[in-house]
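Take a look at the following structure, please.
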Amino acid sequence: MIQVGLHHFLILSAVLFSLGLLAVLTKKNAVTVLMGIELILNAANINFVAFARYTDNGIHGQVFAVFVIVTAAAGAAVALAIVLNIYKQLKTVNLDEADSLAR
Amino acid sequence: MKDLLDSILQGSSFLANLSEVALAILLLAIAGLLFAGVAAVCALVFVYVERKVAAHMQDRLGPMEVNTGIPLLKNIGHGWAQTIADALKLLLKEDIVPGAADRKLHLIAPFIIFCSVLAAVTVLPFGEKLVVSDMNIGVFFVLAITSFSVIGMILAGWASNNKWSLLGGMRSAAQIVSYEIPSGLAVLIVVMQVGSLNFGDIVAAQAGGLFHWNVFRFFPLNLIAFLIAFLATLAEANRAPFDLPEAESELTAGFATEYSGFKWAVFFLSEYFNMFLIGVFLSSLFLGGWHSPFGGLLGGFFDKGLWQPFWVILKAVVIIFLQMWLRWTLPRLRVDQLMYTSWKVLTPFAFGLIFFIGLWMLF
Amino acid sequence: MNAFDISFYIFAAGAVVSAAVMVFARNLIYCAVGLLFALANVAAIYVLLGADFLAATQLMIYVGGILALLLFGIMLSVKFTGVELRTGTLQMLPGLLVVAGLLGLLIRMILRTEWAMLEPGEFQPTTASIGRHFMTDYLIPFEVASVLLLVALIGAAYMARREKS
Amino acid sequence: MLFNFAAPLIFILAGALFIALNLVISRLLQPRFPSVGKATTYECGEIPIGTSWIQFNIRFYVIALIFVIFDVEIVFLIPWAVVFKDLGLFAFVEMMIFIGMLLLGLAYAWRKGDLEWDKPETDKFSREAAPELFEEISARPEKVTGELVG
């Protein structure tokens, strides 16, 4: 078996990305869609860090990943507030039912 | 740890045949089991001590009955075997899971809470060389890994499918989460002064006797930081006067209501081991860790060898005693007072301290 | 196979399996637990890539922060008609097909590309150099992040509060 | 470095093993007499009504939200704190701007009452609200409690 290197990490990241995308595409509940987005961001972060280690020998990728995590935190906070507002207005967080602009 | 590995490798021919990695894993696993056992013993001792402390503070005797049972010596021993009997009882008790509960998550939750505390202990130093994992981000790691317990509590509360449990779990989460900010900031004050996240470096920087400990530096700013850290960690451990999540009179036992037998004991064990963790954590950060208060007295005799773990554990025990003292002295806070204390008192004060200590260090 | 490789495969499998649990579980809390273990395994992967600070950050912000927030969000947005927090899926088959196609393309791209690889260096503590980068090269993103956080705090608090009145 | 991270991991596994072993031992030793009564959800002896799905107060979310923002801030502060001694004044000013921004957020939440929790209405029971009743209760507590018990 070949030694673990960049390709392994990239493929892992691709698989996680696909699973996250699948959650975003198919889940009904808005909160699970958010979870899928978090998974996608994690996959991207693995890529950043893997490239930082195997093609750059620097630390810039890690700094970038920290910023991604921060943005994810801010995004999750706002997105969940929106979800809670949708729930308040429409009494559902299922995305296929929450399709009207008026109450 | 590495030195220990090498010496064992040379000492035994059987072990030398194993690969180094396998040996390391084996040793660590043994150490882990040992620590888990220590956690259990810790909990037993501290529960006994707590009952005695409580009793004497309230002018009672506390447990007196369970002793050796030898006829003549029957009444001697101040009920030392009480908690052992309790532990055996818990082990023999029927483990009841309510029918409405989610059995898988009900089982997982105690694991998450216990393991997060146990993992945090690995980076704490009990002596100059006496540390399982000399991690360079030690302090940050403790802050990070203990946040698992929040999730464990929410899961325990949810999985029980009980109103008290769920409310208790949510309250615990809200409380721990609120107090993580002041405790994190107070810890950062020490990191600022030392310039390292490694526990070894932080303790080494406090060598030289009582007045070189971090509590007494930048007087009185660090003392305030220590108080903030102490109160915040007290709240994070769900200890009185911050024990709202398990307020007996309103929520029966909080998120642990539907747990019985050994699973319940795991929560209990985690709570007391967490107190010990906090004791060692605070003593390493603020109270000089393995250093004695005497500094260079007798050529630093008290700073060497087995004195080091002695000082660490003594300081931890003192902090634990303080926690118990507060528990049996102060009444429980209300929820609004709890939030007030965290967000409107401790957090602004911690930010202020960072500002002033920063200025002090610069000029 | 050395220890590094073995641990990579263990954690990668752990991450993928828990992510799959997250995607395919029908119970909302199981999704959250799946995400919890996926995040923890990804943190371990960061450690294998020499990013110790990032791994602890992952645990602290994702597990302690975002996941707790998501769990609170679930608790606050369930209809309490049934005992279990069920969530359905939509268009599973087309979704699977699209994602499988995309995954195939991605893997093909990863394997075909000639990456300009360097020999990875020794593992080093990263915290201090990350701190230095924040204060020098990444100063603007660093300060902008504070604005972003401020905006997120005010905006989300405002939206959540409007429910009260 | 990897070794230092392997230690907590193995401790986690060992801890899990420890609990699992004890649970198994406990399972082997304990009596098992399941009954419907035992499997009922505990509600202080009452028969449970409904499920435990109560709608939670939105304040839980707001607190968690403010926490996440400040958690992120701590993560930014940590590397700063490590290099603060080396970098000096410049880093200090930068970080104070950063903290100041977030303190604005805290001040906003404070001002708008997001940090308040529901307070009990103690005024209702104060001396000012119902002076006669208050005097009566203070004078003869046993009468009131007696009525309550009876």
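Every chain is named by a letter (A, B, C and D) in the order it is written, and numbering of its residues begins at 1.
Operating definition for what follows: a residue touches a chain if its C-beta (ideal position, glycine included) is under 8 Å from a C-beta of that chain, and two chains touch if they have at least 3 such contacts.
As the structure is a computational prediction, the values presented were derived from the model and not from experiment.
J.: Would you say A-C or B-C is joined by more C-beta pairs in contact?
T.: Between A-C and B-C, contacts are more numerous in A-C.
J.: CA centre of chain B versus CA centre of chain C: separation in Å?
T.: Roughly 29 Å, centre to centre.
J.: Could you put a whole-Å number on the gap between the CA centroids of chain A and chain C?
T.: Whole-Å distance between the two chain centres: 6.
J.: For chain B and chain D, what's the span in angstrom between their mean Cα positions?
T.: About 17 Å, centre to centre.
J.: Averaging only over C-alpha atoms, locate the centres of chain C and chain D and give their separation in whole Å.
T.: 25
J.: Could you say which residues in chain D touch two or more other chains, in rising order?
T.: Chain D, residues with two or more chain partners: 1, 5-6, 9, 51, 54, 56, 58, 60-61, 64-69, 71-72, 74-76, 78, 81-83.
J.: Which chain A residues sit where two or more other chains touch them?
T.: Expected reply: 66, 69-70, 73-74, 76-77, 80-81, 84.
J.: Enumerate the residues of chain C that touch no fewer than two other chains.
T.: 3-4, 50, 52-53, 57, 60-61, 64-66, 68-69, 72-73, 75-76, 83, 125, 127, 130, 134, 145, 149, 152-153, 156-157, 160, 163, in rising order.
J.: Touch graph of the chains shown: is it line, ring, star, complete or other?
T.: Looks like something else, not a line, ring, star or complete graph.
J.: Taking the complex as given, what residues does chain B use to touch chain D?
T.: Touch residues, chain B against chain D: 1-2, 24-25, 28-33, 35-37, 90-101, 110-111, 114-115, 118-123, 132-136, 140-141, 143, 145, 160-167, 170, 173-174, 177-178, 180-181, 184-185, 188, 191-193, 195-197, 252, 257-258, 261-263, 266, 334-336, 338-340, 343-344, 347-348, 351, 354-355, 358-359, 361-362.
J.: Write out the stretch or stretches of chain D touching chain C in their complex.
T.: 1-2, 5-6, 9, 50-51, 53-56, 58, 60-62, 64-69, 71-76, 78-83, 87, 90-91, 94, 97-98, 101-102, 104-105, 108-109, 112, 114
J.: Which residues of chain C touch chain A once you look at their complex with the stated criterion?
T.: Listed in rising order, the residues of chain C that touch chain A are 1, 4-5, 8-9, 12, 15-16, 19-20, 22-23, 28, 31-32, 35, 38-39, 42, 45-46, 49-51, 53-54, 57-58, 61-62, 65-66, 69-70, 72-74, 76-77, 79, 87-92, 95-96, 98-100, 102-103, 106-107, 110-111, 115-118, 120-121, 126, 129-130, 133-134, 137-138, 141, 145, 148-149, 151-153, 155-157, 159-160, 162-163.
J.: Which of the residues in chain D come into contact with chain A in the complex?
T.: Going by the criterion above, the answer is residues 58, 61, 65, 68-69, 71-72, 75-76.
J.: For the complex, which residues does chain A have touching chain C?
T.: Against chain C, chain A makes touches at 1, 3-12, 14-23, 25-32, 34-36, 38-39, 42, 45-46, 49-50, 52-57, 59-60, 62-63, 65-67, 69-78, 80-85, 87-88, 91-94, 96.
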